[in-house]
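Reviewing the structure listed below.
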Amino acid sequence: MITIHHLPLAVRLDEIPVVSVEEAFACINQYLRVGQSRHVFHMVALPHTDGHRVITVLADDHTHSVSLTSCIVRTGNPVPSLTPSNAQMHIFERDLWERYGLEFTDHPWCKPVRFPVDSFHRKGIDDYPFFRLEGGESHEVGVGPIHAGVIEPGHFRFQCTGEDVVHLEIKLGYQHRDVEGELERARTLQRRSVLAESIAGDTTIGHAWAHAMAIEVLTEQQCDPITEHERVIALELERMAIHVGDLGALSLDVAWQLGSSYFGALRTPLINFFQLWCGNRFGKGLIRPGRNRFPLDEERRKAMRLMLAQFEKKFTLLANEMFSLPSVVARFEGTGVVTHDQVAAIGAVGMSARMSGLGRDIRRSHPHGSYRALDHVSVIEHGGDVLARAAVRRREVDASMRRIRIVLNELSEMSGSDAPTVPSTFTPNTLAISAVEAWRGEVVHVAVTDQDGQIQAYRIKDPSMHNWFALALAVRNNEISDFPICNKSFDLSYCGHDL
Amino acid sequence: METIFIILFVLTLLYIGMADRLSTLVRILGVQGILLFATAFVALDKVDALNLSFILIETILVKGLLIPAMLRRTLQRNGIVRETEHTVTQFQSLLVVTVIIVLSFILANSIHQPHLRIGYFTASISAVFVGLFIVMTRMKIITHMIGYLILENGIFLLSLAVGNEMPLAVNTAILLDLLTSVLLLAFLVDKVGETFQTVNVHDLNELND
Amino acid sequence: MRLTFMVACVVSLVIAFVTSIPAVTVLVTGMAWSADIGSVTYVADSFSAFMVLVINTGSVLAALYGVRYLADDPDGRSLTESILHGTSFVALHAAMIGVVISSDLYSLFYFWEAMSISSFLLVLFDARQTKARTAAIRYILQMHIGAVGILVAIGFVSSAMGGVTYSLVHDYAASHQTWIVLLPLAVAFAMKAGLFPLHSWLPDTHAAAPSHVSGLMSGVMIKLGAYGLIRFGLLTDPSTELGTVLLVIGIATALFGIVNAIGQRDLKKLLAYSSVENMGLIVMSVGMAFIARGIDAPYIEIAAWSGVVLHILHHMLIKAVLFQSAGNILHGTHTRDLNNLGGLIHTMPGTVNLLLLGGLGISALPGSSGFVSEFPMYISGIKTMMMSSTSISMLGVFSVVTLCLAGGFAIIAFTKAIGIGALGTARTKAPLTAHDPHWTTRFPQWLAFGGALFIAVAPGMFIRALSGVLYGLSEKHIPHDLLTTLDTVGIGQAVLIIVVGIVWLLRMLATRTKPVAEGPTWGCGFQEGDARIQYTATTYADSTIEIMSPVTDVSVSYRHIDPADMFPRTRSYHTEEKDLIANKVFDPLAIGVERVLRALAVLQSGNMRSYILYAFVFIVVVVVLTLAEVL
Amino acid sequence: MIALVVILVVALFFIGIVNRTKSLLGGRVGPGLFQHVHDVVRLFRKGAVISTTSSIVFRLAPTISFVAILMACTLIPFGTQPALLPFQYDVVAFAYLLALSRFVMILAALDTGSPFEGMGANREGIYGMLVEPAFFVVFGSLAILTGHTSFTELFSTLHVGSGGVSILISVLAVYVILQIAMIESSRLPIDDPKTHLELTMIHEVMILDHSGFDLGLIMVSSSMKFALFGLLLANFHLTPSAPLWLLLIIAFGVNIVFAMTVGAIESFRARNRMKRNPQFILTLTSVAVLIYFSVLILTNKLVL
């Protein structure tokens, strides 16, 4: 196991130790046993002469480090599963099983992850093995893939006894676009950047930045501090915009029309500022490896300060109203509780972890760029219910606002330098990892180059990968009519999961 | 006029039956205190200044303002907002409160006493039983307290129901009431505060990891 | 089988014909019929005559249905079995008539027992199934406990008055404590009527009996319990107190019955609990009438009696329709479990149509006979609310609230029975292969429904025709504006039905040229829709059972998913509906009694000397007690 | 007759006003006042898509439901002008006609075999059942107060502020009837017609598979139901001495205020948790019982 201390990192493939499967898995178990400060970043399989080389990336929040280990899994040779001892491994193992046909002997939940027709096993969608309540006395409710609201496709299967949900199972995969494959095949930086921006439409900045960082370490480029500062502003602005929009959506789902209208209206100045900054309301086209395409000049900084001042006044007023209105709070309170233990077990990340007292935050644990100097304090709530998730959102909006102001002040005292030119060939035989705390949680990009310095594998982990399971747990033993607000309170990405 | 106050008082009892947030319960207690003063003010024909000030202090100051304020402070300090540990569902709790009111009415109606004023009697008996019911079915110590206070309000009303000719009885009841209220207050400040503060410390410990 | 029962049917028809003529005469002329057979006098006043007509109609409907129902019987029966069944049927019919024309307690007791035994034999028809056997034995045991009540009453009355004719009962009640004679009798009648808390035999027995028998028992036989309560209530000069007791029992029965009907997933049990509810409503209305008599409020009394009479008629007809539909469904699918049914409207349209119409009627919705029979009950309730005494007024509130709650619950119960059982898609294979039985099985159903419809549109006419009965019950004439109100309701119902027809025609005209596309039910675009995606009988009742949990007894066997269990294995979910009283009161009681008896068995050592010792101790005790002048 | 006309006219614009109030409070202009009417007309012209699972029940239900509501309309008077079909105790018929409409719609919902519609049907059945006691106790109390038992007679003597009617009773009665109207019409805080999420709705989810003419009929019925309760509320304010034109103005005024109240309620509060609804509806019965006690006191059957 190799341990490295700073993210983003680039490590030569042959520096990552290759051990036997048993040893590697024991090592992972050992690593994770330490506790909640450690979780799995990613599990990547690369083709090998007689099977696959599985590289596991593990993260430790306390020591701010990342550890890697790898092993060779031979084709047609079942290996023991890590899932029974560490539930958070389930999604990675299912991914490997589905993509490459790696067999796990005792995986309790070996089901398709993202393919409507499972690409390796060629099972049809009708065969999806849903968990069932037998006996013919309970009923099932299937919601989706076409939903009542304008949202992305996904199928939710509830096992109900009347109004109560006994179990929810989520079947995704309607949105699979093979983004990873496209990123591997792309030959120009421009195409790569554009692809990275469209991994998940609501996390444009997060994914673009993670991708830019991965490319930057692969080409050994350093960004100048102004660029890093501007990226922080963009990321926090994106966070604010989505959180405010989600607070509006939550209001709509509890039928509080005032909240839904005015939170919706409050989101507009935020995304309009992106329009002013880079010509796109979602910040597309702003971040490129090594540079930002649009500077945040004095004029725009002024506009931003003005916008924030106005926003803050209205937002505080409305948020106070929301969190003191009994009918709204009564709806949020105690709804969709995911306990601290559950969150830790499934390895939830980002705000889905922080709402239940698990302070998992890349900005603090593995800071990158300007965050290293910012001494970040995470927003943590303890309720684990919808109210806690709404409260995390509200407080993060406030925190982001403060952070943007600080960074804006620092920016006005800095002078720029020329942006480096990024070459289109990369360090050969290298694995690069970058992680960004986007609004939903950690976005992890892993890029692997071959001996020609071309990308041979590009793996993306959106926070939704872990967090969808938290939604399933939240709905257990709740009323089925509370599902929409539970879903909205997590607001997870379908396309980020399906890739 | 009296009818309106009595009915409003019974309405507050219904509201207690369905409330699940502690802050609402506390607010209702305050409203009840003020309603009690209004009722007493209207009901007692001949009140001298001493009695009136007595009643004023007891109802508006203590029941209406002081106790709710103390309770609210306790709640805020300990961050408890919601009564979660019920032994009956809210539906059943409301049903029971309604049945209590109807039964009190029947009871009041079946007692033939010239001195007894049925409206007051119904309201007071309902309040006593609702208070007891709250104490029986809720788990939190603070809700028990609220239950006792509702019971107290009922006893106050009971003294009005029979007390038009007996200001002495009223005063005695009020004195007793004051005493218990003060005792409760002391208890609230000392005991409950203490217990919850330790809980708080425990919570803080958990925050660290 | 078919032939034997056809003979029974013909005999039943003959009995019906022979007894109906005097009954109609009594109703038309208003003169009581009486006859001496041997030393016993039989009397039929207008109320008895009305009951005779109800019994005859119910029995004939059941007999007609039974002929065809038994013809399709899949199990081979021996000749003895068939003859026994046919004879019991005729015996039940005759015994029921005997009950209502008895004029002394002895003959009442004989007929009462004959009725119990013959119906017991009818229930035993499916004796090869353990459930049917258990239910039948429980039934006959409970009925015997009830009959003991009549014997006790005979004991009291005959020892005091030297005879047991009804007039002597009246004199006895007037000169002694009324409750001494009324209470044991009331136990017998309440047991038969299925009044809470003595109803527990009813659902099991109805479910176990063949469908024509359950229809007869539910539609007619249990009404005789109400008949007894009315008859002896009137004999003892009913007071407001007695009325209040009946009212409260009626309310408890009605609400308990209908809430438990919602919980059932066995179609016939659901119907049986609905019968419990309807008996509750009838008894409640009887109580209301007694109260009205006590406070001398003729309008309320007449309204309450009209409610009783119309409801007896309506319930007899509609329950026949419903139980016979249930019989057809059982026949076609071989299951009564609603969780196994669904989609029957496509495979058994004829049966389901009747089930639908019956469901409308039993839920007392406008356009049906149920509405007109509950309407006078509402009148009496609201009118009682307006009485000057506060306590009486509150009784009115209780009855009105009960009526509307029962109506609301009935909607849930019967949308469940129809919606889950007959609509939607099939939950198992059974409904897919089912088909309507021969049309002759539906003939008595349509007959019954036709009668119900007639009541629905012309309630005033019925009340006028039955004015003699009402006069016999209340000794008062019907107020004119009550008749007008009922007439208006009848016309309104007819208008409602006609307007539905007109609007339907208009709709057909308007949509004639419009394109109609067919597609699957909206399932959010998911390809794999199946029957699991449908509410089941259990889950449809879940919310109601949850808020009504104190009066129901549904046990759930299901292992909860542990919060730490991320990947649960498949598990199953089962519920079992039991009767609260049977399960929580009677069964523990029976077990307790058994335990006591076991303990006593220790004494039974088999040793002759110890028996002598017991006898000696007994004698000593008796002597001591006598000396102490205790005995 | 006037009553029927008023109901039909109110039904035209009622939903429009509710929606307009909501949009204005939400900072938008919103759809036109008669958008609802346009929708219905459009639906009447359309063809239909019918589920293969469904049967005649599904097709017949909207018609029966519509006729039931229509018949209920004929029971409501307009001030002193009698209703089209008045009779003693028509209060009972009124409640039962609404129940009939509910019954057939529940069956139609179950006929589709869809889990969503089953959900709606289940909820509708329970809430409809729970709301009835409140209705009967309130109207029973009013019957005690006035000594009359049909809507026509009741409203010919009963007005807010008229002799013997205490303000408190009127306020409580109007509150209960308003809430009953909201529940029967499936509005906040019981149901939310706006979110369009299958899992949280009641009425809207029951009609998920209806289309074309039938859906139009359902929409007409639901706006008529609203107008029905609107006129019921208006009747409390129609004093017999006023001329007809003034009465009409009052009636429409009350309905407009009612619609705006509905709009305002739907803007300023959130929907109840589903499990809380039974208890919320039960409150109405409890309040109705209080009305009953007050009436007893008022009519001097009870000395305070």
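Quick notes on this structure:
For reference, chains read A, B, C and D in written order, and residue numbers begin at 1 within each chain.
The rule we apply is simple: a residue touches a chain if its C-beta (ideal position, glycine included) is under 8 Å from a C-beta of that chain, and two chains touch if they have at least 3 such contacts.
Worth saying up front: this structure is predicted, and the values here are computed from it rather than measured.
Among the remaining chains, those touching chain B and also chain D are A, C. Comparing each chain's Cα centroid with the centroid of every protein Cα atom identifies chain D as the most central. A comparison of the C-D and A-B interfaces places the larger number of contacting C-beta pairs at C-D. Chain centre most remote from that of chain B: A (centre = mean of CA atoms). Here the CA centre of chain C is 35 Å from the CA centre of chain D.
Measuring from the averaged C-alpha position of chain A to that of chain B gives a distance of 51 Å. Our note on geometry: chain A versus chain D, Cα centroid distance of 47 Å, whole angstroms.
Distance between chain A and chain C, defined via averaged C-alpha coordinates, is recorded as 63 Å. Shared interface positions of chain B, i.e. residues touching 2 or more other chains, are given as 89, 91, 102, 105, 109. Counting partners per residue, chain A has 139-143, 160, 162-163, 330 as the residues that reach two or more other chains.
The residues of chain D that reach two or more other chains are 115-116, 118-119, 122, 198, 276, 278, 285, 289, 302, listed in rising order. The touch graph of these protein chains is complete, with an edge between every pair of chains. Contact residues on chain B toward chain D in their complex (touch as defined above): 2-4, 6-7, 10-11, 14, 17-18, 89-91, 93-95, 97-98, 101-102, 105, 109, 117-120, 122. On the chain D side of its complex with chain A, the touching residues are 22, 25-28, 115-116, 118-119, 122, 188-189, 192, 194-200, 266-276. Of all residues in chain B, those touching chain A in their complex are 20-21, 24, 81-82, 84, 203, 206-207, 209. For chain B in complex with chain C, the touching residues are 89, 91-92, 102, 105-106, 109-110. Chain contact summary for the complex, chain D toward chain B: residues 166, 168, 172, 276, 278-280, 282-283, 285-287, 289-290, 293-294, 297, 302-304.
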